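Shown below is the structure under consideration.
Labels run A, B, C, D, E, F, G and H following the written order; every chain starts at residue 1.
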Amino acid sequence: MEEERLDFEDIGFAKVDHGRAERCGWPEVIYGAGKTAEQIIAILRSLMAHDRKDSLLVTRCDVEKADLVQAAVPDAEYDATAQMLYLRRGGEACGCIAVLCAGTSDLPVAEEAALTAELMGAHVERAYDVGVAGIHRLLAQQPLLDRAKAVIVVAGMEGALGSVVGGLTKAPVIAVPTSVGYGANLGGISALLSMLNSCAAGMAVVNIDNGFGAGYMAAVINAQSVGQP
Amino acid sequence: MEEERLDFEDIGFAKVDHGRAERCGWPEVIYGAGKTAEQIIAILRSLMAHDRKDSLLVTRCDVEKADLVQAAVPDAEYDATAQMLYLRRGGEACGCIAVLCAGTSDLPVAEEAALTAELMGAHVERAYDVGVAGIHRLLAQQPLLDRAKAVIVVAGMEGALGSVVGGLTKAPVIAVPTSVGYGANLGGISALLSMLNSCAAGMAVVNIDNGFGAGYMAAVINAQSVGQP
Amino acid sequence: MEEERLDFEDIGFAKVDHGRAERCGWPEVIYGAGKTAEQIIAILRSLMAHDRKDSLLVTRCDVEKADLVQAAVPDAEYDATAQMLYLRRGGEACGCIAVLCAGTSDLPVAEEAALTAELMGAHVERAYDVGVAGIHRLLAQQPLLDRAKAVIVVAGMEGALGSVVGGLTKAPVIAVPTSVGYGANLGGISALLSMLNSCAAGMAVVNIDNGFGAGYMAAVINAQSVGQP
Amino acid sequence: MEEERLDFEDIGFAKVDHGRAERCGWPEVIYGAGKTAEQIIAILRSLMAHDRKDSLLVTRCDVEKADLVQAAVPDAEYDATAQMLYLRRGGEACGCIAVLCAGTSDLPVAEEAALTAELMGAHVERAYDVGVAGIHRLLAQQPLLDRAKAVIVVAGMEGALGSVVGGLTKAPVIAVPTSVGYGANLGGISALLSMLNSCAAGMAVVNIDNGFGAGYMAAVINAQSVGQP
Amino acid sequence: MEEERLDFEDIGFAKVDHGRAERCGWPEVIYGAGKTAEQIIAILRSLMAHDRKDSLLVTRCDVEKADLVQAAVPDAEYDATAQMLYLRRGGEACGCIAVLCAGTSDLPVAEEAALTAELMGAHVERAYDVGVAGIHRLLAQQPLLDRAKAVIVVAGMEGALGSVVGGLTKAPVIAVPTSVGYGANLGGISALLSMLNSCAAGMAVVNIDNGFGAGYMAAVINAQSVGQP
Amino acid sequence: MEEERLDFEDIGFAKVDHGRAERCGWPEVIYGAGKTAEQIIAILRSLMAHDRKDSLLVTRCDVEKADLVQAAVPDAEYDATAQMLYLRRGGEACGCIAVLCAGTSDLPVAEEAALTAELMGAHVERAYDVGVAGIHRLLAQQPLLDRAKAVIVVAGMEGALGSVVGGLTKAPVIAVPTSVGYGANLGGISALLSMLNSCAAGMAVVNIDNGFGAGYMAAVINAQSVGQP
Amino acid sequence: MEEERLDFEDIGFAKVDHGRAERCGWPEVIYGAGKTAEQIIAILRSLMAHDRKDSLLVTRCDVEKADLVQAAVPDAEYDATAQMLYLRRGGEACGCIAVLCAGTSDLPVAEEAALTAELMGAHVERAYDVGVAGIHRLLAQQPLLDRAKAVIVVAGMEGALGSVVGGLTKAPVIAVPTSVGYGANLGGISALLSMLNSCAAGMAVVNIDNGFGAGYMAAVINAQSVGQP
Amino acid sequence: MEEERLDFEDIGFAKVDHGRAERCGWPEVIYGAGKTAEQIIAILRSLMAHDRKDSLLVTRCDVEKADLVQAAVPDAEYDATAQMLYLRRGGEACGCIAVLCAGTSDLPVAEEAALTAELMGAHVERAYDVGVAGIHRLLAQQPLLDRAKAVIVVAGMEGALGSVVGGLTKAPVIAVPTSVGYGANLGGISALLSMLNSCAAGMAVVNIDNGFGAGYMAAVINAQSVGQP
């Protein structure tokens, strides 16, 4: 097993980490932002040749690259809102992850989180546009907050949603600040700071606009909590 | 009247602005932080000689200075929580200002706001420790939020209280970020940014820990709203 | 009434807050920046179906989106300077709000503030290009500053106008920093900090370039001050 | 149950949130930093009168306050390294949480995390001084990383430990940046940014020096993962 | 002359720059902050032995160091407000420099500027506490602004005074931001940014609290303007 | 004269400050960045009708606007490097201003400074590409540094040139940081901080890329120093 | 020799520093970012006329400029990944420099470093995509780390690679933060801070994305270490 | 050898890295700032028992801790300026490292660098107080700059010294920004940014006030350059 953990394939511009699934429970996910379609295809093929049971993900992949990759890898699907390309594998969804977002503009990040968690085997329920300026819309989600094994909160501007949710659920909360807003939002820094300084316990934070990271973390917690290996 | 507006007394280290009340509706308030007790006494006496109907305020005045000033100006009272020294004047309190704070540590700033507003003639009602992690404590204040002519929200850490309150009241909201917290609170910058980026309308913000500024602004709005000159 | 306060319509990508007017005195305003024309139209129709007496506003709406919305909602008007789309309703303008700006480049933000206040029922008077480098231009506005129930000050670069105005009026001042300038203006942060640190009392601040927020706040204060519900 | 969720006791300077345990699974934890010993005692007594089965915690409590509280509440214990005061309750520890720290100077924060998790019922294993400059010390912890249900990583300076650990474990990782270091560490901001930008998936971050927050989050995940309610 | 320009004395911990006066028109000024009394005495003696006609200055010298230096150098005088130690030399004061400050708390920085300029041979006139919240106090200084050859403006908080003065004088303006204020003043950064972004032309800025630098610059301009070499 | 000082023309979107020349010694300069060609033309015509002896300047004017303005105001000239449009007036150049820049990329800012000073009547001498990495190129400019009445130093990246020049001249130095560089230059903030913290006396700083401000300040000093009114 | 050190050619917009090679061991390198193709050609020709034995480099040169320069200087070669134009000269490569990068997106910066070092005479070995999330890929490079005379580490996001490498090699490490990442990476500031705060000794840092600077520094160290002059 | 590389001793609060010397060429150096005297003694003894040929260093050790450690480890020496405790071992000094500092206040950091390098076997030559405001003092050090194998430049305030030195030497330059200065020096950030943005090649930077890091890096380069293993 030790060997399997340390496996990787050197394809020149990349060293594909085939031990990742063994070590971390999930194969390498491709960060598409700084890569050409050709590079993505090559890494994807290396992963496909090695792992046949888990979904494979490419994040931050724009539609132009997606078209090129899909031409070469016909099984790949694409979600334009989440900017994700993926090969869907695996069986029935388990557990329950709640994905909440504060406003309509936060949708792309929320969808990246939701889709990531789904591809990693989680049952996901969405509650969008439940920002704190109309708190009753959030309070109406109490049943969802009660049955969730993990809650993802996506919010830009002042990012206040995280703290309120933290006070309404037993589940661990993953907060995702978004860059939605203008001026003193500082590209998402304002929401990030809010979430880090939350007066609510049981919450941790990922990078600005990092829906993927939140979905991954929540999926791991959810799987553990329902006894998935 | 023009002349009265432009009146000031030059006492060497200061030019006491006696036209302030005529121009702005309220005499000069002494910022105690960078002044000696002697300087405060001199300015106070200049103001007392000129204005006999309005309360006079010294903000950010520690107890040592306060003792020295009170020895020289026996009518002066002192509030140790708000760090304010004052001569209380004027008649019955009017209108209604709600002062809310998120946690016990925000009390000194909240009291500076409340006391300022009271000294400027407002009726003030306090609701402390109503932070968003236990949102039901805030929702229980709805009647107060309904009758207030102005609402002051004092909060540190992530400063989320402002946005939630903004969605629950018709009154204008003055938000005061505090330096309460640690680490990524950046001495209050986190709460300040939250409040500036609020998704709730009808809210404006003053400097970190500036309870005085919020109390003053709220008092002006409150007085106007109940037809005080 | 409690129920009316908690009313909302779930249209999938949004939960339109129909209780807003009951709770806050004004229906939900649509933040156009992160929405498609289709989303704006759907939310607008939901609001139109529910509220028939108040003006409806869409802020940060560029001309392309505006054209599409106007095709679907013929009553909608558009102001290209303020980048606002709106349905104008309501009767005679009341009270007096002064909107001052420091320079010609601050006009779009000043117009967003002025138009918002007008749509919310306020009588608005503009005094543009009264920056402090030619202070006599501002001093000439004293009569306006005397009759205003609220003053909006819009300024970029060093944002000094707020403090000077604060010393010339009895009315509450809402300061709007703008991103006008270059280099060390840091996209408006310089003006924002100036306004937050103002030596003048009776002033509060909104986000950079947030003309809407200032207009809204001023309109609420103005209405209260002339006895509007 | 709804009522129990919304229970709170108003003791003047605080509104003790007795619904917290029902809503969030754990009673209110007292943030000691901004409170007097008297205030802590009063809140503690209110909590003790209401909750008899869970441990009660006071964080950021210095030794002087601890002495005063212990005089009034004899059952309270104190940990000087973690700066925590607590009433220990509950039965056997369950699951496994790994607490790693990069260097000896990070110990107080690591102990705050470990003690919090233990008081919340978790079995905790510590591996201290496993910083990345001597990576073999970390690799020697592989068995611990394999059996943990949650991993807490505490590191200051460049905060690199989080990413390396993230690549070695299947468990969710909670990263705690510390203020250890000098100069360009910016009081912990450097480590915080490192952890937020981690190239490893399955990791989320709490505030600088927030050992408590990490311990709480990990304890919730751990309990869920071993089927605790 | 070339040689004189390049003259320096190596006294181990310092290389006293005796060519400074020849190159820059004024001997080296000692920055007292990071030096022991012994180091200051040694450098001062080296300067005294070399230059007999210009005033010698030690800035940022606290009273303890000053006492020790004065014991060793009996001719040295000390100004506790400006925190400056000096040997006064030279003849009649020439020209006119106006030193303005916004509030009483800015006095120490203003005095450092004024005293520096005086020691460098300038006639200095002070106008203190002329902040913009009472603009008439500043307008009353118009005759001074008209006769000055250089104007120094000292202000903390929002630093707005510089721009207003810049619009009222023909003389070059040197602006000195101070660290006076709290919260979002960021230790003087707010005032510094204001002054750098001034809409008034003919103004330049020195470091926060750098009264010395402003006094030096103004003295050079003043001397040049009245035909001093 | 008082009246002349307070003269202005209200043309709707602007209040042209015709008292500026009387108060400040130079007519209003038009900041072209936030204005349309039509607005520039209208302000220019207002100034031309009022002032017939001084050069008129429009800064930050791109070539498209310049073409439109020149079509309407045939006397206007344009400098594409300095991005300035102007009407040149006045007689012989007087005094001596040295304009130094560190590298070729700083040329546009240096030219804005030089041209401004020339249009305001100064004799200007340029020494470009004298950055400190080849210090002998700067030392070769000693004669220029000796005869200058004011020195302008333009530098990006680390902005070190200012301090070195400050140690080589008797003249006052105006430092202009530029945004030249990348990464940790932070858009010019690095050079700005360097210049503000200079160990050399007799130097003051203007905004990033503000060649105009430096040229204006230097021109005022130069004129004063050669006895120009 | 002194004269040779101080040699430069004034070509108007630039003063080409022909003494650089004598003083610093290497001729001036042209920073292409702020220069026109014409300016680059002129400086290159001046350098070519003076130096016939060393490679000549133009950094940050985009393909459009490169085409124009190559048309005029046929010997010039171009590398599109590194964005470098160069004239290759010199003999056999000596020593050993290891260039490591964390991910595929860091390739352009790594190639700028590698090519610079090669053109300056170093033997370079590359190991790309060895980021810390799959630490075994890095550990596999131990033989390279053992034989290198200097190690260049290129990493974005959290920049953790530097510290790990610092603990695995005897050679001096030059760390290059890159702007790869998003959100809280702050354009490379996060990686920069990580590297500056490294717990590993024997490492120093260059500017964000400054592959050239790292390659240059490493080449100097490598040459010295193998006894090259 | 592999085993020796991976050797460490677990003493509870620390895992002393005995493989460091084998891997990195030098034993672990103790960072004294966050450790008690007892912890330092324990780690020191563990190192002493394992390594008998290299000097052992404790950095950032104040005099109180030093006294306690010296009582327990009589061979330990202490340098109060550099705040370093050490056991000196090894033979004759080799090569040449130049340590330059800009001003007297930078001495403690410069001495930390110099002493570190000396203890690691380097011959060190100091040139202090050679700041750029008197550039001739630096130019007088040319012979030292010519014979050095590595140059350390220590400077606070604007940190300009690094760039000038970089243009005068063939040796690699390690720049150390210091926190010397006030106001906009931002605790050393200003000098740090200057050095990172240097226009001179062949220079890299360490953390603010990190004399140790610079001394270590320079010692490694120096040793390599004179053929030491």
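Everything that follows uses one rule, which is that contacts are C-beta pairs under 8 Å (C-beta built on N, C-alpha and C of every residue); 3 or more make two chains touch, one makes a residue touch a chain.
Nothing here was measured: the structure is a model prediction, and the numbers come from that model.
Separation of chain E from chain H in touch steps, taking the shortest path, is 1.
Rounded to whole angstrom, the centroid-to-centroid distance between chain B and chain F, based on C-alpha atoms, equals 44 Å. Centre to centre, using the average C-alpha position, chain B and chain G are separated by 57 Å.
Mean C-alpha positions place chain G and chain H at a centre distance of 25 Å.
Look at where the CA atoms of chain A average out and do the same for chain C: the two points lie 36 Å apart.
Annotation for chain H: residues 20, 103, 133-134, 166-168, 183-185, 189, 192, 196-197, 207 touch two or more other chains. Two chains count as a pair here when they touch; such pairs are A-B, A-C, A-D, A-G, B-C, B-D, B-E, C-E, C-F, D-G, D-H, E-F, E-H, F-G, F-H, G-H.
Those residues of chain H that touch chain F in the complex are listed here as 102-103, 131-135, 139, 157-160, 162-164, 166-168, 181, 183-186, 189-191, 193-200.
Chain H makes touch with chain D in their complex at residues 5-6, 8, 12-15, 17, 19-20, 28, 31, 33-35, 39, 60, 177, 179, 187-189, 192, 207-210. On the side of chain D, the complex with chain H involves touching residues 103-107, 128-130, 133-134, 136-137, 180, 182-185.
Chain D meets chain A in the complex at residues 20, 23-26, 29, 149, 166-172, 174, 192, 196-197, 201-207, 212-214, 216-217, 220-221, 224-225, 227.
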